[in-house]
Amino acid sequence: MGSGAAHNTQISDIFPFPHLGEGIRGWGYPPRKEGGGEGIRAWGFAAAYKNTGLGGGAPDKSGAEVELYPDGRMEVRTSAAELGQGLVTVLRMIVAEELQVPPEQVRVLVMDTDLTPDGGPTTASRQTYVTGNAARLAAQTLRESITATLAERFDLPPTGVHFSEGAIHLPGRTLPLGQAVEYLLAEGREPRASYEYWAPVTQPLGQGGDMHIAYSFGVQAAEVEVNPITGQVTVLRVISANDVGRAVNPLGLQGQVEGGVMMGLGNALTEHFIVEEGRVVTDRMARYRIPSITHMPEIISIVVEHPTAGGPYGAKGVGELVSIPTTPAITNAIYNATGVRVDRLPVDQELIAHAFIKY
Amino acid sequence: MKLSINHRPYDIEPVPGETLADLLRKRLNLTGTKIGCEEAECGSCTVLVDDEAVLSCVYPAERAAGKTVLTIEGLSSSEGLHPLQQAFIEHGAVQCGFCTPGLIMTAYALLRRNPDPSEDDIRHALKDTLCRCGGYPSIVRAIQSAAHHLRTGKPLQPPILVKSHGRSPLSFDPYFLEGERDKVGNCNVVGTLQPRPDATAKVTGAAQFTDDLTFDGMLFAAVRRASVPHAFLRQLDLEEARRIPGVVAVLNADDLPGAKNHGLMIPDWPVLVGVGERVRYVGDAVAIVAAETQESAQQAAKRIEMEFDLQPVVSDPVQARQPGAPQLHPDGNLLKHIKVRKGNVEQGFAEAEVILEHTFHTAFTDHMFLEPECSIAVPTSDGRMEIYVGSQIPYSDRAEVAAALGWSEDRVRVIGQLVGGGFGGKEDIAGQIHAALLANATGRAVKLSFDRRESLLVHPKRHATQIRVKIGAKRDGSLTAVETELYGDTGAYASLGEKVLTRATTHSAGPYEVAHVKADCYAMYTNNPPAGAFRGFGVTQSAFAIESMMDMLAEELCLDPLTLRRKNAMRVGSVTNTGQVLHESVGLVECIDRVEEEIRRLSPLIPPNAASLRPPFSPLKMGRKGVEKPEI
Amino acid sequence: MGFLWQQYIRPASLVEALQALCSASGPACPIAGGTDLILDLRQGRRLPVHTLVDVSGIPELIALEERGAEIFIGAAVPHNRIINSPLVYQYARALAEACDLIGGPQVRNVATLGGNVAHALPAADGAIALLALDAFAVVASLDSIQSTQALTTSQTRDVIMTRVPLLNLYLGPGKTALKTGQLLVGFYLPLAARGQGSAFTRVMRAQGVALPVLNLAVGLSREQTIITDLRIAIGPAGPIPLRAHAAEAVLRGRPLTSESMAESETALLAETHFRTSPQRATAGYRQHLAGKLLAEALYTAWERAV
């Protein structure tokens, strides 16, 4: 420690917190030592639920069309919007599952009002359930049409027709799936099927009964570290457990869980759209902080599956749920760490710092 | 000026005021590099110049003379994708794809300098390259996987996902056909690891978003907005604007051929505010311009003169409800009074042994999707209108555009483009109608592209709320009553405010079975920007309130927070506060159990039934100047 | 019409750059990284310019080297070069720390210390560090800066280099004292073999604009346990970056103890008049942090001064 401080005084007595501002310690992320560290650490917990689907008596329907081409490729079409959440992956997987073809053989066309049936709004975490069902049922309808055609053609019971690995297996012969097209056309049937799926009817608010077709449930715990001098809060770890009914697209689900935590973290700590007397103060991206990778906690995703009978393969919606418990998990953790109850968002670090000044 | 771009030599005439991003995107049609903000904040425009990552939106093109530029399009080769691109696909690090080129280029620059980056190194290098879909951990794993492959030559490590828990059998399934029940358990595709169908296009920069498109003869639009929060428009002068060279059309409210308003639930949002009409928020559109260049359109918009009778501003929902507050809509400031009733809260509170009450406030927040809104309207030779836009509701856009044009819906075609993040912020009309009106007036394609500032001013936000919760419980933790009063600031126009605040209200008692519930929500108009759909849709706000209350209650009862949740959690058979019986599919308790298990695994020092989820050795003691000193 | 600039010049020498600035056919200004300048132009915080003179290729402005008992850092050296320079790390650590916090990695590849100082914000991280390191700026101009005559190529003029105390470059928040026709060439920092240490620290708010709540730098020399020289720079504590002279005076000639540090903190709070920045920080919060940031920086600079 160089030539040392003045006699009889430990530098650490003069300044017990070596890590205060940015700069001196470089940039690094607080180390995750159990029970140690340079701030005060605690966990916080929160639970939430969220409806799947529009609910409240609103008609909730979606249309999808599935087509088979002679080269064995398929296309599923719907106007349901893909926002990055992975709907196109889910639709591809569902159609591939129903016809037992490699997923790469299924193309997805979305969002064109001339070419794709109405899939309804991408909102209310509804698309996997509603459009997923539409695609599943359209694919099933096509499969049944192929089954019936081939059964007639080869004089078999329908149970004699099996779909597997991109082919159709009949007793004594195997056809590549694409070949079904000519058999269909020969019978005057189209090599495509569409389905308009209506989600179960719901009741408007105030009339009892079922207001929503399903609910997803999510629980999160957040571990924070609070700097008692500056009041700054760092989120170290987040555990996120979500009952999604059925994880159709686990890779996409993981992305949603991660992104949901980041959005919830931003909602708690960094984001504030300021309007004063009707005038927008936050009129630039520079003035609105969304979490960057430097805010990223360790995120532990736990998938829980309590299937819902009406969802495709039991799936419920998840897109919104994953972002909801994060904020209160963080603010509850801040309370556990500091005794400061945050009842106003976003968290004001001055409030926390001030609480410690009183000591 | 001579420079190299993606290993090819170029000889280009410089253009005044051109940034490197402009050169790449507009002149060379290399649209893989994206514009997210034009403020040097988001990193979407990152390219490499002489092997260093730079933000092309603030890099003058001429500065690149004599230098080597590498964009996302230059990363893959004839041998295929770069390992970073492949790793992003395999690890699910691509979602909407808008930030992907910038992220990959930033990561590429890092790996050039540091082939074995730690997680801290990756955080540091990617600090200002933002992803709103937010899958940062997947991004880190993708980069580490690519780095490992580049260092060792071994194949890319595949992603590892947690196995799911708690699959319980379906209790009844009328929707599944006979013989398919076992399929739910034994799927070959569903439930497996699959890459996105559009991932390759997104990692190579081939994926196009609306602003990447151009059409022959395309004009550029600009919108003149009120910039005052509450006023009557007294005068409007378009003459100077019309005289700007390159301006082809200037339209105001007198030129509207069809519906004067739009709106997802209630058509209360003016397409253009006319003289004598009310301006309700700073983003209200007054006139629109189409011109040959973006610059001349913006110049012209600035030259539009407006005169207002300013009105007193209604700035929060509580104020909006006071008698005497200016009334913003014909039916007043109350959009909706939403009520939830279950049982009898008076009785519930009478039965309670503990009652707590507290008020919470949440702020407006913005979606901040990285792709700002862009719409292109293209009139077709057969009298139809095509709209190219990244929208969450193509059919609804079609209906609203057709209504504004005064046309039948089949004359409009919405060709939805990739959406660079939505989160609820791309459900309302942004530029679709304005672009269509200008395209109709000029007979030419018109592109209306918001910059980040316009995006922030215009599109609906997450509702700011004030939520008062009163909660009653027995000493054993069972909830007897929850009463909530919510005020939601739905801003100038309805948007989806009624639905959002309904959701906030119905979910306001949390995922718990409570016998007596009373919730009232006042969805109020104000002169703030409209509030509408945003991921979470009202439940984000009410969950913050009720979950804070639950922790406060747990402390009051000396119960640990998890025990309190478990005691009241919804289960199969529970009745919600709107009277719905949950017949199946309620995994809440299992979620609580799994999270508790994980907390204890990660922090074994927390004793069971901890009243506070923090290690018991209370690391702090009083010290000099009240600074508590760690004691381990 | 509407372009951010009309003409972009990349002179290869200092005299060419100065001539270009003087003889442009419209308003002209120098550009190095441009990350602040282009945004100021685009967002209307600066009047449009006709000519941008790109100085990032001029040898005098991109030098980073030891010159006698000083380090010279050219005004157009990008922050990343400063951060990675062993010279800076050893003799001007506070500057490396400060520059590493400016913007993000992409910005630091092009943005410069010269730009940081010329932008004249009172809490610019680079400038605060330079102030604590006792840096002098070097400003170049042609022999008569009043002259705005167009020059023919046959006329050569002499370049005059002037050493200027750093604070002389500041007129007020965002207002530089640099005139048209003057160019910031670089900065000299004293270099000492032993007994010198420096540190930089800052606190940010989690929301909103990335401007500091408070930043502070300390440059310290000591012999054994006695502080022989001390410079404390802090911002935002006024219209321009502030040297905390009273706080410095308390410690000069004394050892660093809990008592002397406390006295210095008291002096600091007495000589600074923090203001509340709406939506960023209250004056009270700044007062609360200032003493503690000072302690942290002093402690660290002390330890480094071996």
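We call the chains A, B and C, going by the order they appear; numbering starts again at 1 in every chain.
Keep this in mind: a contact is a pair of C-beta atoms (placed from the backbone, for glycine too) under 8 Å apart; a residue touches a chain by one contact, two chains touch by 3 or more.
Given the structure is predicted, the values throughout are model-derived calculations rather than measurements.
Participant: Quick one: point me to the chain whose Cα centre is farthest from that of chain A.
Facilitator: Of all the other chains, the one whose centre lies farthest from chain A is C.
Participant: Could you let me know which interface, A-B or A-C, is made of more C-beta pairs in contact?
Facilitator: If we tally the C-beta pairs in contact for A-C and A-B, the bigger total goes to A-B.
Participant: Centroid from C-alpha atoms only, then distance chain B to chain C, rounded to Å. What do you get?
Facilitator: Here the centre of chain C sits 38 Å away from the centre of chain B.
Participant: Starting from the mean Cα coordinates of chain A and chain C, work out the distance between those two points in Å.
Facilitator: Whole-Å distance between the two chain centres: 45.
Participant: Find the geometric centre of each of chain A and chain B from their Cα atoms only, then give the gap between the two centres in Å, rounded to an integer.
Facilitator: The separation of the two C-alpha centroids amounts to 13 Å.
Participant: Quick check on chain A: which residues sit in contact with 2+ other chains?
Facilitator: In chain A, 13, 17, 27, 229, 271-272, 274, 282, 284, 286, 288, 346, 357 touch at least two other chains.
Participant: If I count partner chains per residue in chain C, which residues reach a count of at least 2?
Facilitator: Only 258 qualify.
Participant: For chain B, which residues are shared contacts with two or more other chains?
Facilitator: Residues 39, 124, 127-129, 624 of chain B each touch two or more of the other chains.
Participant: Which chain B residues qualify as touching chain C in the complex?
Facilitator: So the residues of chain B in touch with chain C come to 14, 16-17, 19, 38-40, 43, 46, 52-55, 58-60, 62-63, 65, 106, 109, 124-125, 127-129, 245, 295-296, 298-299, 624.
Participant: Can you name the residues of chain A that touch chain C in the complex?
Facilitator: 1-7, 9, 11, 13-15, 17-18, 20-24, 26-27, 229-230, 232-233, 269-272, 274, 281-282, 284, 286-289, 346-347, 349-350, 353-354, 357
Participant: What part of chain C is in contact with chain B in the complex they form?
Facilitator: Going by the criterion above, the answer is residues 1-8, 10, 31, 34-35, 38-39, 42, 52, 54, 56, 80, 103-107, 109-110, 258.
Participant: Please give the residue numbers of chain C that touch chain A in the complex, ascending.
Facilitator: 43, 97-98, 100-101, 199-210, 214-216, 224-225, 255-258, 260-261, 279, 281-282, 285, 288-289, 292-293, 295-297, 299-300, 302-306
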